[in-house]
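What follows is a pair of complexes built around subunit A, which joins subunit B in one and subunit C in the other.
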Partner chain A sequence: MAHTALTQPAPVAVPTRSAWARLRASRGWAGFWFMLPTALILGLFLAYPLLKGIWLSFTNARIGRDGVFIGLENYAWLWDDDVFWLSVFNTCLYTVVASVVKFAVGLYLALLLNKNMPFKAIVRSIVLIPFVVPTVLSAIAFWWIFDSQFSIISWSLRHLGVIDGNIDFLGEPAMARACVIFANIWRGVPFIAITLLAGLQTVSPSLYEAATLDGASNWQIFSRITLPLLTPIIAVVMTFSVLFTFTDFQLIWAMTRGGPVNATHLMATLSYQRGILSGTLGEGAAIATAMVPFLLAAIGISWFGLQRRAWQAGESDR
Partner chain B sequence: MSTPAPPAHADPRLAPVLEAQPAGITDNSEGMAYLERLPRRLVTTYLPLLVILVVLLFPFYWMALTAIKPDEQLIDMERFNPFWVVDPTFKHIHKLLFETQYPRWLWNTMYVSVAATALSLFASVLAAYACVRVRYRGAGWVGAAIFLAYLVPPSILFIPLATIVQAYGLFDSPIALILAYPTILIPFSTWLLMGYFKTIPYELEECALMDGASRWQILTKIILPLAFPGLISAGIFSLTLCWNEFIYALTFLSSTQNKTVPIAVVSEFVDGDVYKWGSLMAGALLGSLPLVILYSFFVEYYVSALTGAVKE
Partner chain C sequence: MSGLDRRSLLTGAAAAGLAVGGDLLGFAKAWAQTAEWKPEPGASLSLLRWKRFVPSEEEAFLKMVDAFTQATGVKITVSNESYDDIQPKASVAANTGQGPDMVWGLFSFPALFPDKCVPLGDVAASLAKKYGPWFPSAEAYGKVKGNWIAIPVSFNGGYPNYRISAMKKAGFDKFPTDTAGFLELCRGLKKNNTPAGFALGHATGDGNTWCHWALWSHGGNLVDANEKIVINSPETAKALEYVKSLYETFVPGTVSWNDSSNNKAFLAGDLYLTNNGISIYAAAKKDNPKLAEDMDHAVWPVGPVGKPTEFQLAYPILAFKYSKAPNACKAFIAFMMEASNYNPWLEAAQGYLCEPLSNYPKNPIWTSDPKNAVFAEAGRRSLAAGGLAPVSERIAAVLADFVVVDMFASHCTGREDVKGAIKNAERAATRIFRNT
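Moving on, here comes the complex of A and B:
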């Protein structure tokens, strides 16, 4: 703090300098120039579209036609729309199931990778590959793995004698949901595992050694040392994970396009279908805007829920 | 860390003593793996790890296998074992490179990614330096606002952005993507670079100021060379994000020759109901390779960017 006080500008102390010199020396002015590119880009392509999206959701704009203000009509229309509510349900199901499983598998994988083993560095870098490869391209691989006729899973199960016919993975609602959730988990686990691994490596081994000498069991060591120390980083990782899962678009679009019979439509894919493909920009924008409260709730739950656990565990530094 | 570390008992002389104890008492947690015997480690560590690795990598194996498999083997799963390939062919890849616009799509993706990354690195270096070192009034608030920008997902913005892109006459042009991608990249890069800039001692900068250097000189001659690893991390991560981006490219581009790889692969290889699986998988494989190669060269930077940004 003392440092900040020392370097605070004091323009009144140098009244003899010209206005130009004062301006040149001013921190605020330097800050302005340094921030200009970022402010322009984020203002024009992020803040402005965000507000414009909310405005569009109150209009009946279509592609190629500016809309007029129609109040809450789009929202009233969505309120009575079963497909919209199905997409809300799907989005919540997708987010909750995928996030929980991703966390569990990711934490387990991080604990495995944290152990001493040969070729540790290579194994760790291989794990991250699903995260590096573009989602759509791996989604296409899953599309092929889950093909109704030529699925390798159906083939294997058939040859093992488990099933008689082929499984229609992406053709039945429940099965299609399970498949897209699986693909999302597959892609998300490496990110969570590698980040939690970085967190695990900051935990001092002496804590574990002391606990072992005191006779703590594996589970006690995990729940009393590892988990509390890891909680802050878990909160951050899971907040990001929930955010990206909730707003996912490309995986669904590449694998099912919301089908069969809207069974895998997320709010994002429905918004694209209504807003861009059907051309009703206003309605699409309303669906996108309707994501915001859900999104805030999802972020809030993952962030504050986990942070509260951190306080309960006596972790005060952040 | 607020938790005081208890006195360490890491005396190497204790190791044989601990090892000699019965299995129920010895512990196998991290950092003490040497206490664990091989058969047990096989079951608790190597086997689950192997299963997870196989599941994580299988789609890539399947992609690569399909890309080099002749068509008749693809559809005849009874006479040929689908897990292997006899007489691999480069027909699909050849077709992809010489009979489709795939090279063009690859070029588009690369061009857009590099331009958007360069633009956002330029903007984020300036913003991060201003937030950390210029400390103008309200820098803290601006920092928080940039972080909040990271939480605004593209799937909320693509409809209004599409109308804006249309209004500026940028529809179906790579410029639209080059301008829109930085909204995803800048918040991330700025936060990453702020972390790196904070680690550079302030004294260095004070000396330069005394010698009459301008802010710009300090930034380019002192800060940037020292924060070079951070710059590479941010660059690699931004390139990956751009290559991966889907919804903006899908919304803003329409003509075949302007598409990026992710969009083109999804839309251009489906003839009615006939999926050209060989070409599709070859396209997915070839589109992934540049990133995997880049990643394998800079894996350290990539991981530090990933974890650094989250810990920040």
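Moving on, here comes the complex of A and C:
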């Protein structure tokens, strides 16, 4: 016992404090209270609408009246719906093509704008113009540009003697898809270009100087220095770009309303048409909910694929 | 509805006299004294309406609103939206219980949410007593399951607009009255490089109206009177073949047209026959009198069914149950439909709008210019959305989903053969009409 008494010090008397006092003193609780408003806002404005939308997709709710639970019926109808699958195809095509081209053009512009050039500030402002024009305005402008009767492109080519009749830009499915993708690219490039430019300006010039002294070629400088250091910002910008493109609505609605014969319907526009215009909220919600897995996959690819630390550190991928 | 006594009759007569004399405010004040619906004290209303196509119509409408406000003290805020934006905004208002007190929109939109609409049977009965009966199509738009949920304020006649010289050059002295002759005319126009063109894109007004005419004129229907889907029929197949033949004569690009495309093309001289309201003519009279002189309008040709199968735009107005002033809404709707108000407003619309009731006093707008006369018949000749079927939220969904338009467009563009186009429409209708 004596040995035990020597090796185990007598317990120190801890002054008893009330639970409230302990809570007040706890840093964890302080953090909780600070976080609570944010959590409430996120729950109210982000989680609730999402969960409500998912719930609606399992009901036969219509505009103006609550529905009853019908299980997977809305999804079963969509599974067998050619227009829905066409909208899925269109959405994927639109997102992939537009995102890839926007990235390529945006990166090229960013590299260009990062060089010393005359009137740099003015050129940068001009590049931003498509982004600051309201989407609907630019969509209406493109609708005019691609109009079946009054297209400036058709008019010019006709007067140059290149074509005999007007080009049916928005009346032919493949052409209409190309037109809406072009409009999206035009609008989205500045966001990518300016964001990547911001990233490029964080790269230390000394790295380029050292590489140049070592005799590195332009491509080696780009692939070994610029790209690895830019990867984190590419991950962020492409994640947002994919999300914005995948959920695009205004451009399509103002230009084609999903036509011709649903050839440019995206999941977002079809969801609006079925849910709001047709009044079948449940079905519209099911289409919107069906977008979630695609969005998660898109985020997963761009985020986790590009965020791997080994790659960022310039090491080979595991 | 309150009974009519000698005093109210005298006041009513005085009010009518004032209106005839052009004293709108005097009429409004006299009308307000005997109005069947007394606005709630301190009431103020908001009204969402379709954006005008003819500026003078809006001016006359706002004068009417102003007179009502001065006579009753009820302030009315009027906001405008394009055709396509009325329905979604009304839907959101219906679902959230917040928004405009009254919405004045297109086709069968009140049928999307009948439970949210103030019953207007008393207003409809009062108007029918004065100016009735309602045209069958008007009644169909105003009622859901036998209850009045909206008042069909007016129709807009969407009729063939054509260039007289081009028609004559194509070998026709008069506009053809049957579908076979109509096709021949379109072929002649195409041959002379003065083509016709009808919207086959997602055009809410023009696309839906002429495509339904084409379907119904051949005896085809999406659903029958019992809402049984009957689109898969030989009549539909004939309608598809007919429209494809028509499409081959069209100016290129009609599958991408919206509701304004044909107006622009016609006024620019690229198009010689299309379906539209009187707005092309009104614009031409103002800006291009030569073109206006060379254009005229005709009723829709009759198809193999042997009777008119027109589908005209209707403009129903509703009041939402969440409104704090339902009586003020009723009073305003009744006020705007009073012939003394309605007729000057109709005249200002230059023929763009026409009456839903059969016994309104004759409006000079229909006789002042013979080219206007066709449009006066829209309410009388039109079938309601759905054709044989009653107007319902499902029929509203059929229009919003462009089921019939897409059926024709998919066949015309070669994307589907007759069977495929019908199958897709049948499937879409089954989805919309399923019992959930």
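As a convention for this text, the second predicted complex is superposed on the first by the 264 of 318 C-alpha atoms of A that agree within 3 Å, B and C clash if a C-alpha of one lies under 4 Å from a C-alpha of the other, contacts with A are read in each partner's own complex, and residues count from 1 in each chain.
Basically, contacts are C-beta pairs under 8 Å (C-beta built on N, C-alpha and C of every residue); 3 or more make two chains touch, one makes a residue touch a chain.
The structure displayed is predicted, hence computed values, not measured ones.
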* Simultaneous placement of subunit C and subunit B on subunit A, clash or fit -> clash
* Asked: Between subunit B (first) and subunit C (second), which does A:Val236 come into contact with in this model arrangement: first, second, both, or neither?
  -> first
* To do: Could you say whether A:Leu213 touches subunit B, subunit C, both of them, or neither, answering first, second, both or neither?
  => first
* Asked: What is the contact status of A:Gly258 with respect to subunit B (first) and subunit C (second): first, second, both, or neither?
  -> second
* Asked: Residues of subunit A touched: more by subunit B or subunit C?
  -> B
* Classify the contacts of A:Ile276 with the two partner chains as first (subunit B alone), second (subunit C alone), both, or neither. => both
* **First (subunit B), second (subunit C), both or neither touched by A:Leu111** => first
* **Touching partner for A:Asn60 - first (subunit B), second (subunit C), both, neither** => second
* To do: Could you tell me if A:Phe150 is touching subunit B, subunit C, both of them or neither one (first, second, both, neither)?
  => both
* Mind working out whether A:Ile221 is in touch with subunit B, subunit C, both or neither, as first, second, both or neither? => first
* Overlap of subunit C and subunit B interfaces on subunit A (superposed complexes) -> 147, 150, 272, 276, 281
* **Complex contacts: residues of subunit A adjacent to subunit C** => 60, 62-65, 67, 70, 73, 77, 80-83, 147-150, 165-166, 168-171, 173, 176, 256-262, 272-274, 276-283
* Structure fact -> subunit A partner, complex, touching residues on subunit C are 84, 87-88, 91-92, 94-95, 112-116, 200-202, 251-258, 261, 264-265, 268, 270-271, 393, 396-397, 400-401, 406, 409-410, 413, 415, 424, 427-428, 431-432, 434, 436
* Structure fact -> subunit B partner, complex, touching residues on subunit A are 3-4, 7, 27-28, 30-32, 34-38, 41-42, 44-46, 48-50, 52-53, 56, 61, 105, 108-109, 111-117, 123-130, 132-138, 140-142, 144-145, 147, 150, 152, 155, 186, 189-191, 194-195, 198-200, 203-210, 212-213, 215-216, 218, 221-222, 229, 233, 236-237, 240, 243-244, 246-250, 253-254, 268, 271-272, 275-276, 281, 284-285, 288-289, 291-292, 295, 299, 315-317
* Structure fact -> Seen from subunit B, its contact residues with subunit A in the complex are 1-3, 5-10, 18, 25, 27-34, 41, 45-46, 48-49, 52-53, 55-60, 62-63, 66, 74-75, 77, 82-83, 119-120, 122-124, 126-127, 129-130, 134-137, 139, 142, 146, 149, 151-164, 179-180, 182-183, 186-187, 190, 202, 215, 240, 243-244, 246-247, 250-251, 261-263, 265-266, 277, 280-281, 283-285, 287-288, 291-292, 295-296, 299, 302-303, 306-307, 310-311
